[in-house]
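Take a look at the following structure, please.
Note that the chains are named A, B, C, D and E in the order they appear, and that numbering of residues resets to 1 at the start of each chain.
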């Protein structure tokens, strides 16, 4: 279904959804930083820049409770968190790189263990994607086979048009349902041309060659020179739309507390630190190697997909300028 | 899972009157980990302790909380009881529901709720308590005594007589200190040298005392029972082992006119000298600053005349390391001088007395030397300026002492008595002379002291004028003393021939530097601080270091000797054991986490933190970490609060224990 | 006014000098390695690099994109760079203060370092594209109040004098603005900022003074600080962090630069520095001092806040 | 602070210098001109209240001085004071008001202006010995006072009470002797340098004054002094003007000239007698100065 | 016999961190002297104020304390020579930090209470309790503890209710 929606009507749509009790999540400014978050009205939406954190947190929160406990006398009562309580959500203004990563995550969260916390949110969320008209030299979606107009992962996809408004295309039933319920806000396509799309400057990686090299180079001096500068923070993993490692911690007191699921990052020293004190990934190069391996080899081995959508966040915000695009490009040339 | 036993004490009715103890026991019994909870009339009584021990055995208790009075009262009692029942004493904690609850609140409901919470906190705390083994440290049964005055001599003799070795270190060439300088002593007027010199000889002859004179403390390391003391033996230029003390060198020395400090610079001595004839050891020292040989390279007479060949111009300072288990500090005092003090000094001089520029204004110690039969005048009271006998003499008390505006607020304690003594000595020696004493108060607490003072007035005709002197000035060969007599309310002017100032008692110069070497604390005047003003007056806060004599505060001879013997007794008590036991509330370093920033070392008040190298199996240095010496650690925990990674933990007050209590709130 | 360019023309000569000196000390065997900056793929960008061969000295650069404080690589927490032998390091004046602090905290020895100081007119702010020109508007906030454009006490400093225009001070103004607020307003401000925190610990990992091998906040027995990136745990973390840096932080502002959530972390550090200066007349980073202000005391310290 | 190289002061002469001690004022102005030290007389200054006011009404005495301080602050620079009594009152006011907020508020209300508590109030001695410095003072000497034996008389106010003037050591000051040595004079060691001349009683109980001043003159003479030097018009009044009377009462003879410090320093700096008001002294100094070849 | 106690709508939770040698003993003295003070305070004993980590104060507020009292030996009286001097600096800095992040310092009291000052202990505890009572509960940390990231929030009615009840 191909339609047109004006900017005004898009906002009207969001306000209507909010009024109907739907949770509308979209990029907005949060204490000076563009972040996804629930809107209270359409006015706060920010569509001209890539949010700092990816859209994955709408399905895989950086922190969520999964169980609570309480002791009364000698009795301990446990309460599971029921995912049924998650609210129906429309996720708006998701860039192709963010949206494309979500179906990639489906694979791991519904593999041998079905993660209802992820899956229930997934079921209850409609994703409205948005094509990119701007890119910087950290963007590399095209290098991993995506593009600024790729609707992968979107239920409904918007493309900004010359003269304002958006071309609007539905890709799933959820997308169609959203349109149909608000059909009067949409019009037939008016024949305007799309705004020029962004042109990320990196060349396309030969992902087969990359994987082939990774297959044979678990041990390689290159890792040292790549990651000697890595300081071991979690910025890359936490900003990444596809990284999905988490840690489960119990927090609270002797009397009551919560079991919580938090984002984790393979760059952290503690990530593979054993109780014995031994750490198989004792230095940063081994940890960084895991990041590359996981994205371009292990995930491919297991699910046939690449765990990177080229959003460039890890490049922009690496404290020490580690550039995954440069590294993978280098590997692909080996 | 812990099996905690909780025992709630009624304390007769002291607790149960305000706190519903049964309810506390019932509520606390429900807490996770509590296996047994009960209340009892008097937990500290024999049956109460019996109940505790029985429950530990029968209920197989792992930890114990006693909710009763303040732990300051009975923690030791209950820990002992717990220990006798086979548990580690540090698995027992007390909740204070008396001083902190039942006695300070009246509302029964509120007090009961509070008591339940207080006990709950201790239950959570005790769960995190660990078994702490008692710490033992070996004891080196040798003592160091610093200072060879009467205090040091007494302490050294007492310790040595008890059978332990003593190292006695004295800065001057001879032991004897100030007491050796005195003429006669109050309140008996017996000759100081007569009672002092035998003790000095005892020291010299004692098989267990090793005497280092002309020596100073260079460095002190270690801790109670295990000190390593480095002593600097200054170059004497005379080999003690060879010298027979014949004195020929002193006779032949061409330099004769060096003011002798022992005689308050009134008498003269040669460049090679013993400070006074009865010196111990009777071995001369070459004063290198005044010796022609050292100044010009010519001379060398003393070496030529020395039969045994004891003179050694090449001798150098020697550093000797002595292991000791205890240290007695007996560095004594010095007299305040009225000279102009450097700008910015908290202690001021006396411009109104001419800053000490009038030659016949002398201090008490100089008067002692004048009065001493072995002194520079052979016991005659003569003016330093012209050698005439003073017919009018004025004594001024409290010069510097009790004078806040001069920077010293304390009473020097001995001046009232020695001034009374001086008036008597003066009257005995100058029959037609008149002594005046300006005084603020006469402080004479001591056996036979007031009688002595009264005698100086009633029998020896000293005129006591209550009031201070405002100014002194030289007028011709007289000294005009302007003062006030506040008893009569008139101004007084006396034209005196000599003025004697009872100047304040101060710690020895360099007392602060020595304290820093020893790691002991001192007050703003540099007097050393005792651990407790009343109950631990001879101990320092630093374990294993004891104080004797005027280095701790002004003292007369009897007090000094008493304290010296007390310090010796403390040392002997310490040496009576082969090992020291101490409460294991000490800090421990978790080496895995320590990065060696040594913040702990920087803040440790005890100097207990050392640097320790961690090496791998090949011997390569992995890192340098902190190590807390359990013998030295005082257990304050400042290190832990300061450590950024909490890699040092104070046993008994670990983060886990404290957080458990906070979380129990 | 914000477009006023800042003269970075000396950086080319500085680059050349760094290369020459690095080549010399590597080839003469003075040092085992030189930690410096090298150009990276993105236009105008730079990243830390470790050069061990004299032939590679040509890789070293200095530009307005050389934002990192390389001192972090010399701490014991960073085991990636072997600490055997003498190490050369390229330092800006601000970075040098951190090295000075680390020496005072027994983490580094001066004699094991070869310091190549950089005359610096300023570097770019964190959110600015690396190829942007340095102007009054794009300069990093810390550079606005820099008092160490020319590092002192280095083994080598290229003889160039940076031109440094007077800029409006950022942190002092921000501190004053916050101090003028009510406690409730300040709380709301910091809550808004800390709420964003994702506990990526980039702030900790780049901080030269967070050299603990095991951070207090990583411990769970007891858990002193909630590790979860919820507002409560975030608040606690940032308070503990600021407290641990009080009296040590000399303001390299790396924490703030790397924060992907734009939390003004250096503001806390500067506030603490200001307070310690007022209370104890202490400023970090100027000389190697054995004891920082919180590792020592004076009997006459202010205690007006204690009853 | 006045910069060290260019010395400029606000100048508070005080009542005496405009009356009985005109020669002190004259010699001060001439000397400072000679030494290139700027003096700007405080416009509208009035009496500091010494010596009776502070014994009668504390608030009044503080307010008088506070107002003068406030007037002086408008001129700017440190305040130069010649009279020891004015100096003492002005310094005491600063001290008292900085110690007590209550009194400060009362005084500020009374004079309707803030009191400048931090402004430096300096006695001429301080300016000569420290601000100008003994070295530069020495360089300004063209006619050293060789052979003149002077008894330096401080009186009671220049150094007392201990916490207020901070001019020199309370009990054993040397600043006057330092200045005199710098200009070549000899100083004698004597006992009554710091005794009171009795100025407070000069009108009410002249007998006391005679007794005290007699002791001072006696002591100076016994110490072998040719003359006395003072830095206070009140002391001068008692020692110089009353000298004849004392000689009469105590049947003795001194003929001991009493100079102001500025007169002696001015003499050494080459100023003529008429510029120093030497003729205004009651005990004629000319025979002495002629004898020593200083004219 | 016992005077009727005023009932208050809000009873603050006060935590006191005290050293064992001076303030704990001072509090004991208040007890042996049968002085009276509000029952809101819970005392945690430390060997020395030097052992008191600022994190404990933070933790206390996070665990629901409405006011915190830190008290030790007077300067110069420290049983451990200098622990309280170190603590004094540490807390001078820490309170400035808390103030800067918006904690009202009225809730945090530091004092020196010696073993002889039972009366002063009572004064400190009573003063802080009354002051905090007027200030009301320490909402800031309590709210913070309940706040979730938006993405982790759930809206089951039961949980909402449970949260509201806390």
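Keep this in mind: a contact is a pair of C-beta atoms (placed from the backbone, for glycine too) under 8 Å apart; a residue touches a chain by one contact, two chains touch by 3 or more.
Bear in mind that the values here come from a model prediction, so they are computed numbers and not experimental data.
Common neighbours of subunit A and subunit D, listed by label, are B.
Traced through touching neighbours, the fewest hops from subunit D to subunit E number 2.
Subunit D has its Cα centroid 60 Å from the Cα centroid of subunit C.
Each chain gets one centre point, the mean of its Cα atoms, and the points for subunit B and subunit E are 38 Å apart. Averaging Cα coordinates per chain places subunit C and subunit E 35 Å apart.
Separating the CA-averaged centres of subunit B and subunit C is a span of 48 Å. Contact with two or more other chains is made by no residue of subunit D.
Shared interface positions of subunit C, i.e. residues touching 2 or more other chains, are given as 195, 216, 223-224, 229-230, 294-296. Within subunit E, the positions touching two or more other chains are listed as 54, 59, 63, 82, 86, 90, 148-149, 152.
Chain pairs that touch one another: A-B, A-C, A-E, B-C, B-D, B-E, C-E. The touching residues of subunit B, when paired with subunit E in their complex, are 70-73, 96, 98-101, 103-107, 110-111, 113-114, 117-118, 121, 521, 541, 585, 603, 605-606, 634-638, 640-642, 650, 652-653, 655, 658-659, 661-663, 665. Contact residues on subunit A toward subunit E in their complex (touch as defined above): 25, 37-38, 57-58, 61-65, 81-87, 253.
Touching subunit C in their complex are the following residues of subunit B: 592-599, 602-603, 623-624, 642, 644-647, 655-656, 659-660. Those residues of subunit A that touch subunit B in the shared complex are 71, 73-74, 253-255, 277. Within the complex formed with subunit A, the subunit B residues making contact are 30-32, 124, 592, 660, 663-664.
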